[in-house]
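Below: a set of structures, written as structure tokens.
Both of the next two complexes hold chain A, though its partner changes from chain B to chain C.
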Partner chain A sequence: MQTIDANKMESVALNAALRAAGTREIRIGHCVGQRYIGTGLSDCFLEIDGTPGNALGAYLNGGVIRVRGNVQEATGDTMNGGEIVVDGSAGDATGYAMRGGKIFVRGDVGYRCGIHIKAYRENRPAIVIGGRAGSFLGEYQAGGVIIVLGLHEDGRPIVGNFCGTGMHGGEIFLRGSELPARLPAQVRAEEIGTLPDEAEALVREWCSLFERDPAPLLRTHYIRLTPDSGNPYRQLYVGN
Partner chain B sequence: MSMYLPPEFEVVRSAERCVNCRLCERECSFLVHTYDKKTGRMRADSAKCVNCHRCVCMCPTHALKVVKSDDAYRPNANWSMQTMHEIYKQAESGGILLSSMGNPNPQPVFWDRLLINASQVTNPPIDPLREPMETRLWLGKRTARIERDAQGRLKNTLAPQLRLEVPVLFSAMSYGSISYNAHEALARAAEELGTYYNTGEGGLHRDFYRYGGNTIVQVASGRFGVFKEYLERAAAIEIKMGQGAKPGIGGHLPGAKITEDVSETRMIPQGADAISPAPHHDIYSIEDLRQLVISLKEATNYQKPVIVKVAAVHNAAAIASGIARSGADMIAIDGYRGGTGAAPTRIRDNVGIPIELALAQIDQRLREEGIRDEVSLIAGGSVRSSADVVKAIALGADACYIGTAALLALGCHLCRSCHTGNCNWGIATQRPELVKRLDPETGYRRLVNLVTAWKHEIQEMMGGMGINSVEALRGNRLMLRGVGMTDRELSLLGVRYAGENM
Partner chain C sequence: MLKEGQFRNLSGCAVAGVIDRSGGVMSGEGMIEAISVMHDRSNGLGGGFAGYGIYPHYKDFYAFHLFYDGKDAQSETEAFIGRHFEIVYSSEIQTRKLPAVTDEPLIFRYFLAPLPRKLARSHLDEREYVARCVNRVNAQIEGAYVFSSGKNMGIFKGVGYPEDIGRFYRLEEYAGYAWTCHGRYPTNTPGWWGGAHPFGLLDFSVVHNGEISSYDANRRYIEMFGYQCTLHTDTEVITYIVDYLIRRRGLTLEETAHVVAASFWSTIAEKEESTRRQETLLRRMFPSLLVTGPFSIILGYTGGLMALGDRLKLRSTVCAEKGDIAYIASEESAIRKISPDLDKVFSPAGGEPVIYELYDREAVQ
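Take a look at the complex of A and B:
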């Protein structure tokens, strides 16, 4: 594995060095907020020590990015495939408009996570969050899966406001039995005792990545949110 | 109570000329024409007619015409028949009025109040047939620092540029809003003309990858069809923030229009709604915009210029100033008369400002701030002729986007019924039997003809002014004079009144 020391390197130089690296396995040391790392990569294993800046793994097409730290905003923007694993927490707009691939976050995510994620053919984007999610989680969601495990003990809600607003496809699973505040009328919520296979596999994957026992996370209740097909968002138009 | 709305048009058939061949019946997707077996004659239901003129054009004996109905309500200068009908439609349905193509209302067209200069006596005009006349230009940043290598040779530090042989590009129209054949015609014409067409936000069909060198791909809030290869195939990438016909609102392509092919191109499931949120939810500031611009450049190794397209709105100049600082290479400004495949009528007709005023103000603001060379400006939103192009360039544009004019070349008759999906000319439809009416071969030649003719006209007008390259015309407002305008309009345009000397 090749190592690039990112200390005092600017984003452009770091990303150019990444592209120029001849190997598929690269470790970035001392990452201090450099942006756009791994943009559009398709077959790399990238391990990052420190805190990458905004737009980590934008348009990611495959491969794995493992971050030994926190990530900032817009991680996995318009991601098409591959995997981003964050040992810490993630900022706002994580997984914006993802079409494929998976994002696993051990800690929390900020606002607007998973907006407009969508599935297409074999691509089913997935975001699994160990902690809690800020407001606007899964806004405009069109497909794919978002899971919030909410592994906090303080009893505060595990998602913020406006969860699933504009949702018209896909699923959101929130651990526990508490409905998010002010769910829109177009979203259907149900409490389930067992996760469907796909979601269960994602929780197991999250657990194996972050070395947690999956049993207590699977033997519990979840709130499942899906768009209410009987009550879609629909603007009534009249031809003029 | 269901209000009967008298038809806007009347289909008139000459009994003398009609041979009952029933071609009109087969040609009309709106089912206006029927054959009456009892009488052996053709009938027409004018209430269904949208006045697309397909039947008129196709009738082998020219037996048909469509006229404006003379059935009228009591004349009222305030409440037009159109306005009254809109009220009736909304009272009946409770729906939002939906329209297509550009704003048809008689609002000021400043192009028509601008006049172009010509040389007389003191400076000679140039004859473009006999002397070199440059319509080639490059779009992109022109802020390169001069650097030399160890041997003293100039290093190429210029940002990526788009080379155009003519200052006209085809504007964004998505596959979904227009047909496969329309896209093929645009792509082939762009290639032959040495210019570019724009995919719109509907993705890029694989069949058209080979025209990639003449393709601008769009990245909009829904990110439909956006992935690495899409970006790599393109000559340039356009971030769509807004559209002149519907500034500030998103898009919604209903699931029914997501056919197999459209689904593949947009990369969404067949039959699923395609919703473009009104904002990009990751862009709330110029800094956020910069992030998208740079991430697109990172994804394409800084080889592709990035365009940011915005609708012309009230603070256009300040917005453009921000975009010019965002790292974008070009700004596309779309005026409020621009076309669309579907937009709420009230938004189309009431939101935004004219391209002429926005363009002049943006160019001036960028010059004042010393950042004009950071970006090229592409103006669109009802550029109807070569004269409009010349005036736009003189007001500060580098080039113009044309959409409606290109569709007219393909056969569009501006019936403004795109939102029905029943386009009889095979343009704004996905119905296979209608799409095949537009022959991409013919369409592409007509587009090439149109733009080639405009190019010659642009050369003639420039020659008349004694200017031999479009680059030298850019921002040359002394070549324009205004008529029928107020002082305020003239000062916003930065143009003197006709008759005023330098």
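Take a look at the complex of A and C:
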């Protein structure tokens, strides 16, 4: 594994060094705020020490990015494939407009996680959050899966306000039996005792990444949110 | 050159702040280092710093920092200041010549005490008297601009990247218990020295990342109380709103936050009785001071810092603590740069104020 010391390196230089590296396994040390790390890469294994900047793994096509710390805003922006694994917490707009791939966060995520994510055939984006999510989780969600495990200990609700606003595809699973505040009329909520296979596999994957026992997270209730079928937004804007 | 308010220029920003709650002092170096991590958030058209507790030997006097376009503006302003204040000490602010910082105006500092007879005849509270004098210079004297006017604090700003502006003002030579800083990416107005952040009035200073959409509604309301929004920038109006609500109306910082970044009515409706009543009252009393659109600000004042973001959290803010020292920044990386190993890191919710104050605020009054 090659190591790149990012200390005092600017974003452009760091990204150029990543692309020019002779190996696919790269460790980035002393990362502090460099943006767009791993943008568009397809087959790298990046391990990052420190705090990467905004838009980490934007347009990521494949491979794995593992961050030994927190990440900032817009992690996995418009990613197509691959995995981003965050040992700490993630900022706002995590997984913004994802089209494929997976994001696993041990801690919390900020506002607007999973906004505008969408699925097409085999491309099904997935975000699994160990802690809690801020407001606007899954806003305008069009496809894919978001799972919030709620293992945070600060006493705040598992999800903030305006969850699923404008949602018209995909699924959100929130561990527990408590409905989010003021769900929009176009979103249907049901309490389930068993996770569907795809979601269960994702929870197991999260547990193996962060070394947690999956049993208590599987033998429990979840709230499943899906858009109401039919045409939920009929006549919302125009009279036809 | 067209200045602030005469031109629209399309284009984010970066903010950071630090306070040693035990009252220990630090130079401006740390903030320079922190803001430089967020270099890409600004575009070289404005940078600035506010330091608190930096003038201990003159702490009883109002420290005015002024930009002058030329000597005429300076003599007219000094004549005005002489009619209203006793000038205890005045000098050009020491700067360092840097290739990255050009076209600087004349930059002067005055330590002032209001003339007692003039103050008595004005029938104004001392701080109101000073604020009105600041407003008169800024609105009426062509080519002069008071950009700092508090006691035992000072603002240092200009056109350039913030790290260059910090070195230009030799901030390593100042020592204060709290600092804020700003890297600018102007959204509506061209970069001009006076238009850089922090904006200040008396000891309040505001650094701001965002672009408020309620600017005109806020401006029309605040101008009814004698504030003149000469720069047409949103940060200026936020500074006046803070001054009006806290100094003139006596609101607390939390109450001010509930006016400026009020929760949605639907959110207020779900809160418990006493909170609901209070927040409803504040929204009804000051509907025109609700600030909408994206913003994250750090308010500096004597003895403390407050971080506040818009209710939708359209701009990021991270707070962190390490022992007595508390940090606020647009990005966590800026804090990690100067304090890699933190006790606590968190992102406040939209509209949730985070207040860090000296343990002993009396000591700096």
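Here is the rule we go by: the second predicted complex is superposed on the first by the 229 of 240 C-alpha atoms of A that agree within 3 Å, B and C clash if a C-alpha of one lies under 4 Å from a C-alpha of the other, contacts with A are read in each partner's own complex, and residues count from 1 in each chain.
Going forward, a residue touches a chain if its C-beta (ideal position, glycine included) is under 8 Å from a C-beta of that chain, and two chains touch if they have at least 3 such contacts.
Bear in mind the structure is a predicted one, so any value in this text is a computation, not a measurement.
> Which of the two partners, first being chain B and second being chain C, lies in contact with A:G114: first, second, both, or neither?
Once the two structures are laid over each other on A, A:G114 reaches no partner at all.
> Would you sort A:A97 into first (chain B), second (chain C), both or neither based on which partner it touches?
A:A97: touches chain B, not chain C.
> In the superposed arrangement, which partner chain does A:G134 touch: chain B (first), chain C (second), both, or neither?
Touch partner of A:G134: chain C, not chain B.
> Check the contacts made with chain A and report whether chain B or chain C touches more of its residues.
If we count touched residues of chain A for both partners, the winner is B.
> Please indicate which partner A:N54 is in contact with in the superposed arrangement: first for chain B, second for chain C, both, or neither.
A:N54: touches chain B and chain C.
> Thinking of the overlay built on chain A, is A:S42 touched by chain B (first), by chain C (second), by both, or by neither?
After superposing on A, A:S42 lies in contact with chain B but is clear of chain C.
> Can A:V32 be said to touch chain B (first), chain C (second), both, or neither?
The second partner, chain C, only.
> Contact-wise, after the overlay, does A:Q72 reach chain B, chain C, both or neither (first, second, both, neither)?
Second partner only, chain C.
> Touching A:N161, do we find chain B (first), chain C (second), both, or neither?
second
> Which chain A residues contact chain B in one complex and chain C in the other?
35, 54, 73, 136
> Help me check something: in the complex, which residues belonging to chain A touch chain C?
10-11, 32-33, 35, 50-54, 70, 72-73, 91-92, 110-111, 134-136, 160-161, 181-182
> Name, in rising order, each residue of chain A that touches chain B in their complex.
15, 19, 35-36, 39-40, 42, 54-55, 58-59, 61, 73-74, 77-78, 80, 93, 96-97, 99, 112, 115-116, 118-121, 136, 139-140, 142-143, 166, 168-169, 232-233, 235-240
> Which of the residues in chain C come into contact with chain A in the complex?
Per the touch definition, chain C meets chain A at residues 37-40, 264, 266-267, 270, 312-313, 316, 318, 331-334, 336-337, 345, 347, 349-350.
> Under the stated contact criterion, what part of chain B meets chain A in this complex?
Its residues touching chain A are 86, 89-90, 92-99, 221-223, 226-228, 231, 252, 267-269, 272-273, 275, 277, 281-282, 291-292, 294-295, 298-301, 344-345, 417, 419-420.
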